[in-house]
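Common to both upcoming complexes is subunit A, partnered first by subunit B, then by subunit C.
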Partner chain A sequence: MIRISHLSKVYPGGVTALRDISLEVRPGEVISVIGPSGCGKSTLVRCIEGLEAPSAGTIETGSSRLGMVFQQFNVFPHLSVLDNVTLGPVKLRGIPREEAEQRGMELLRTVGLAEKARRMPDSLSGGQKQRVGIARCLSMDPDVLLFDEPTSALDQTMKTEVFGVISELAKQGMTMVIVTHELEFARKVSTRVLFMHDGEICEEGTPEQVFDHPQKTLTQIFIRNRRSLIFQVDSREYDLYKFNADIEWFCQRNHLGKKYFTLELITEELLTHFLPFSGPIHFRIYLNDEKKLAMEIEQESCSSPIVDSPEADEISLMILQGLCASIRERQEGASRFLDIVVNDVYNQD
Partner chain B sequence: MGRRAFRLLGCLLLLLLVVSCASEKRREIRACSDLEHGNVGVLTGRSNDRAVRALFPDAELYYFEDLVSMCMSLQSGHIDAFACMETGVDGLLARNPGFRVLEGVPEILDTAAVAFREDNLLLAGQFNEFLRGILADGTMDAIRANWLAADAPGVHYHPHAKEGTPLSVGIEAGQTFFTVIREGEGAGLEPEMMLRFGDYLGRPVRFVEMTNPGMIPALFSGKVDALVSAIAPTRSRAGRVLFSTPYDISPVCLVVAGAAPPQVRKSAWSSLKENFHESLIADNRFELILEGLKNTLLITFLSVIFGFLLGCGLCWMKRRGPRWAEAFSHGYCEIVEGIPIVVLLLFMFYVVFATSPLTAIVVAVITYSLHFAAGAAECLERSIESVDKGQWEAGKALGFSRFGTFRYVIAPQAVRQFLPLFKGKAVGLIENTSIVGFIAIEDMTKVTDIIRSQTYDSLVPLVVVGVIYFLIARLISVGLDKLGDHLNFKVK
Partner chain C sequence: MEVKISEQGGTMTAAFVGRLDTPASLEVSRDIQPLLDNANKTLVLDCKELSYISSSGLRIFLTIRKAAAAKGGKVIVKDITDDIRQVFMMTGFLNLFEVRNG
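Coming up: the complex of A and B.
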C-alpha cells in the first residue's frame, strides 16, 4: 500500500530528521512508531502525508488515499462538528449536502459524537475534538490513517476515549500508522512496532518482540526507562513537590492507580530518617519481572548500613517495614544500595 | 444605557467647546503704534508680508492661506490686524461691518501680476499687449467697478471665444479680493480679465481651481498656462517664472476690527439661522456640497476597492511570491506607509502624471489606491497569520489544494481578524481624502473652503461637512461590523 525506500529528510537548519528509511505498509497492518522525542517519528508520518517534502528517497502510495490525525486536532473552529465532517465530501467530491450529512452523522455515531453534531468545536473537550478529527479523516474514505501523536495533548480519560475509537478502527481492519508515546496502547493495538532512534528505524517486530524481548541495547534502555522513574536527590533541600509529581505521573502512565501514595510515603520516610546524604542519592522506581512495584536507591559515598543502622528510629523502621514487602541492602564500591519491593497490601486502590 | 449617556455628554461638551471658541474676544487697535508688538496676519504668496515686516519689525506675523480664514481670525481676536491690498478693500469692509482700515499707515505699494512659464514669452507678450489696451481704454476701470466697489454689481462676463485650444488658468477662489466663486463659476476681477484675454486671443478659457502650494508646480508641469492669484512679482520668483506687467498696483493697507456696530449684534440663534441659510440654501450652495460629497465618495470607494485588490496582490507576493517579489512588496509597503499622503499626492500629480491627460480625480484614485494597498496588504497578512498553521495542514491532509484550503478553511477564520483592522484603514482613508483639494479636486473639504470664501462664515459649513464625514465613517464602520456579525462563528 505504501512503499518507502531510502527516505531521508534534512531540515533547512541542517538538522537531520530521517536517515535512509525503508518501510512497507501492507493492507490491514497497524504499525506503531515509538521512540524518544526528536527521533524523527513525527517527520516520518508528515513525509508520508506529504506535509514535508523528502530530501531524498521515494514514497509510493499508489492509488491509496491517506488521512491524517494531528496532535493538536486541527479541527476547523469556524464550522460545526457536522460541517467539519461534511466539508471534504461536499467541496472535494461533489457529494450532495444531504447525502454527505447522512454519512457524516454515521461517522459521528461511530466516534460517539452524534449528539454533538450541531455544536461548535470550541465547546468540546480535547478528546471530543480529536474524535471529530478522526471522523473528519474517515469522511474522505481513506485507505490508510496516519496518526501523529493523537493523544499527547490529552489527559488520561480523554486518551482512553480516543484509544477506544482507534482500537475499534483496528478491529474493523483499517490500515494505520500511529506515532505514539503510549507504549501500553501500542502493545494492545499494533500488529507491528517500529522503534526509531536518531532518524533511523532501530528495531522492528511484533509488540511482544519489541516490548518484551528487545534485541538492541538502545531499545532495551528506552523500554526500561519508559517503565521506570529516575530521580536524583543532591541535598536535603531537594524539590519534594517535583519528586511527588513525577511519582504520580509515573503511576498514572503505568496504570498503577493510587499506588503513588505508598511510594511517596516510602521515599519521604527514607529521605527524612534514614539516608545520610553523604553524596548524591539516585532513586529508580520500576516494575520488576514479577510486575511488582520496586525501588532501587543508591547512596553515593556511604559504606555503613542505612536501614540496619543501630541509630535508626524504631518507629520509623516499623513504618518502613510495614510499607515494604522486602528491603535488602548491599555495598557496591563506594555506594550503598537499597533494593525495595513495595508491599502489595498497600498496592490496593 | 450608561454608555449612551456618556456618548451624548461627550458630543455636548464638544459642541460647547466649539461655541465658546467661536465667541469673540479682541483688542482694540486705534493707531499704528498699537501694532508694534501685535499679531498681524498676511497672505502667503503675496509680498505684503515684507511691507508689514518693514513697518512693524517686532510684530508677530501669521501666514494665512486665504482671506476668509484671515477675516475669521481677526473677528475672533486671534490676530489684531491683517494686511491686504487697498484695491477691493471697500467690498470687504462692506461685508464685515466691524472692520475698518487703520489710518496713518506709511504707504508701501503692492503689485499683482500674472505668472507664466519661463519659456512662454509669446503668451506673456500677448498678455502685456492686451493689458496695455484695457488699461488705456477704461475697460480695466469698468472691471474694477463691476467687482470691487462697496456696492459692486458683480455681473458675469460671457466670453465669445468657444473654439480653439483652451487657455488653462490657475486660480484660487477666496484667496484674495480678485477671485471668488459664484454658482460654480469663477467670478471676480481676475476671472473676468482672463476671460477677456481669452477673447482677445480667440481661445476659450478653462479655470483650474487650486490651492497655493500646488500652483507653481502646476505651472511648471504644464497643467496650467497661467496663474492669476494676486501674485506679487518678487525678484526671487522672477527667476523661475515669467511675470506680466502688473494689472494692479495699490498701497498695502491694514484692516483692524473695531467694536461691532450695535445693529449687527443679533441673537446667536438668529445669526446662526442666517448663517445656515447663507451657507447652504442661498445660491443653492448645498449643491456644491453634494458635488463635493460625490467626489469624496467616488475617490474613497474606488480607492478602497482598487486598493484592496492591489493589497491582495501585495499580500500574495509577501507570502508566496518569489524572493524578489517578496522583497519588492515589503519595500513598497514600508516606503508608501512612511510618506505623508499629501506628499505622495502632490508627487503623483505634479511629477509622475504631470504630462499625462488623466484627470485629477483619476490621479487621486490611483494615489489613494496605491496608498491603501499597503495598508490592506498589512491587514490581510496579519489576519492570515493569525490563523493557526495546523489549519493549513489539516486542509491539505483532507485533500484541498492550497487555494481550496485558503477558500474554505483559512479565509473564513481570518476574516474575523481582518474586518476590524480593515475598518480602521478604510475610515482613515475617508479622512485622508480631505486633502485632494491640493490637486484642484472639489471634494467636500475644498467645497467648504469655497463656501467660506463666499459667505465669510466658517462655523456652519465646517460643522455640516464634519457631520457628513462622521456619518460616512460610521456607515462604513457599522457596515463592516454587520458584515463581520454575518460571517461570525455561529457559536452555540
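Coming up: the complex of A and C.
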C-alpha cells in the first residue's frame, strides 16, 4: 500500500531528521510511531503525506489516497461543521452537493457529531474540532489515514473522545499510521508499533513485543521512563510543592485518578520522618509488572535501616503501613533502597 | 492552608481549608492558639474543605485533643473527606475523635 525505501531527510542547515528508513504499510494495518521528541516521527508521516520532500530514497503510495490529521485540528473556522466535511468532495472531487451532504452527515455520525452539523467550529471543544478534522479527512475517502500527534493539544476527556473515534476506525479496517505520545492508546489500537530514535526505526513489533519485551536498550529506557516519575532530593530544603505537582501530573498521564493523594502522603512521610538525608535521595514512582503502583527510593550513603528503625515516628509509621502493601529494604553498595508496593485498598478513585 | 476560627455560644469552630502538610502545620500550630486557650469549651474542627493531611497535620489535631482533655472541653471533628477518613482509620484517629459527617 505504501512502500518506503531508504528514506532520508536532511533539513537545510544539516539537521538529519530521518536516516535510511525502510517500511511497508499493508492494508488494514494500524501502525503507531512512538519515540522521544525530535526522533523524526512527525517528519516521517509528513514525508509520506508529501508535505516534506525526501532528501534521499523513495516513497511509493501507488494509487492509495492519503489523508492526514494534524495536532492543530485544521478545520476552517468560517465554515459550518457540515460545510467543513463537504468542501473537499464538492470542490475537489466534483461530487454533487446533495450527495456530499448525505455522505457528510454519515461521517459526522461516525465521529459522533451529527447534531453539531450546523454549528460553527468556534462553538466546539478541542476534542470535537479534532473529530471534525477526522471526518473532513474521511470525506475524501482516503485509503490510508495519517495522524500527527492528534491528541497532543487536548485534555484527558477530549483525548478519550478522539481515541474512541480512532479505535472505531481501526475496527472498521481503516489503514492508519499514528504518531503519538500516548503509549497506552498505542498499545490498545495498534497492530504494529515502531519505536524511533534519532531518525531511525530502532525497534518494531506487536504492541506486546515493543511495550512488554523490548529488545533494544534504547526502547527499554524510553518505555521505562515514560511510565515512571523520577525525582531527586538533595537537602531538607526540598520543594514539596514541585514534587506534588509532578506526582499529580504523573497520575493524570497514567490515568491513576486520585492516587496522587496516596503517593504524596507516602513521599511526605518518608521525607519528613524516615529518610536520614545522608546523601542525595532518588525517588522513582512507576507501575510494576502486575500494574500495581510502586515506588523505589534510594538513599545514598546510608547503611542502616530506614523504616525498621526503633526511633520511627509512630503516627507516621502507621500511615506508611496503611498506605503500603509492602515495604522492603535492601542494601546495594553504599545505598539503602526501599521497595514499596502501594496498597490497592486506599488506592481507588 | 487557612484556618478560619469563629465562636458561637459555648462552641468554637475552626474550619481548615486546604492542605495540612508539614510546612502548613508549622503555621497552623500558631493559628490554633485561640482553640487551646478555650479548650474548656466544645471545639469543632470543620474539615469539609481539608483536602490533605499528613502525620504533621494529625499532630495538630492531637495537640488540640490533649488541651481539651486537660481543661475538660470536648473536640468534634466534622465532615472529613473519604481520603482523610482513610488516614484517620489507619492511624486509629477514628477511635480517638468524635467524627461527625453530614
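In the analysis below, the second predicted complex is superposed on the first by the 349 of 349 C-alpha atoms of A that agree within 3 Å, B and C clash if a C-alpha of one lies under 4 Å from a C-alpha of the other, contacts with A are read in each partner's own complex, and residues count from 1 in each chain.
The rule is simple: contacts are C-beta pairs under 8 Å (C-beta built on N, C-alpha and C of every residue); 3 or more make two chains touch, one makes a residue touch a chain.
Note that the structure is predicted; figures quoted are calculated from it, not measured.
For the composite obtained by overlaying on subunit A, subunit B and subunit C can both be accommodated side by side without a clash. Applying the stated contact rule after C-alpha superposition, one finds that A:Asp313 touches subunit C and leaves subunit B untouched.
When both complexes are overlaid on chain A, the residue A:Met140 reaches subunit B alone and has no touch with subunit C. By the touch criterion stated above, A:Ala294 is placed in contact with neither subunit B nor subunit C.
In the superposed model, A:Val179 lies in contact with neither subunit B nor subunit C. In the superposition on chain A, contact is made by A:His78 with subunit B only, not with subunit C.
Once the two complexes are overlaid on the shared chain, A:Lys91 sits against subunit B while remaining clear of subunit C.
Between subunit B and subunit C, B contacts the larger number of subunit A residues.
Seen from the CA centre of subunit A, subunit B and subunit C lie at an angle of 100° in the overlaid model, rounded to the nearest 10. In the superposed model, A:Leu240 lies in contact with subunit C only, and not with subunit B. Within the superposed three-chain model, A:Glu49 lies in touch with subunit B and out of touch with subunit C [touch as defined at top]. No C-alpha atom of subunit B lies closer than 40 Å to one of subunit C in the superposed arrangement. Across the complex, subunit B meets subunit A through its residues 388, 390-391, 393-394, 396-400, 404, 408-409, 412-413, 489-492. Of all residues in subunit A, those touching subunit B in their complex are 49-51, 65-68, 70, 72, 74-78, 80, 87-88, 91-92, 118-120, 122-123, 133, 136-137, 140.
On the subunit A side of its complex with subunit C, the touching residues are 240, 258, 261, 264-265, 268-269, 272-273, 313, 315-316, 318-319, 321-323, 346. Of all residues in subunit C, those touching subunit A in their complex are 21-23, 52, 54-56, 58-59, 83, 86-87, 89-92.
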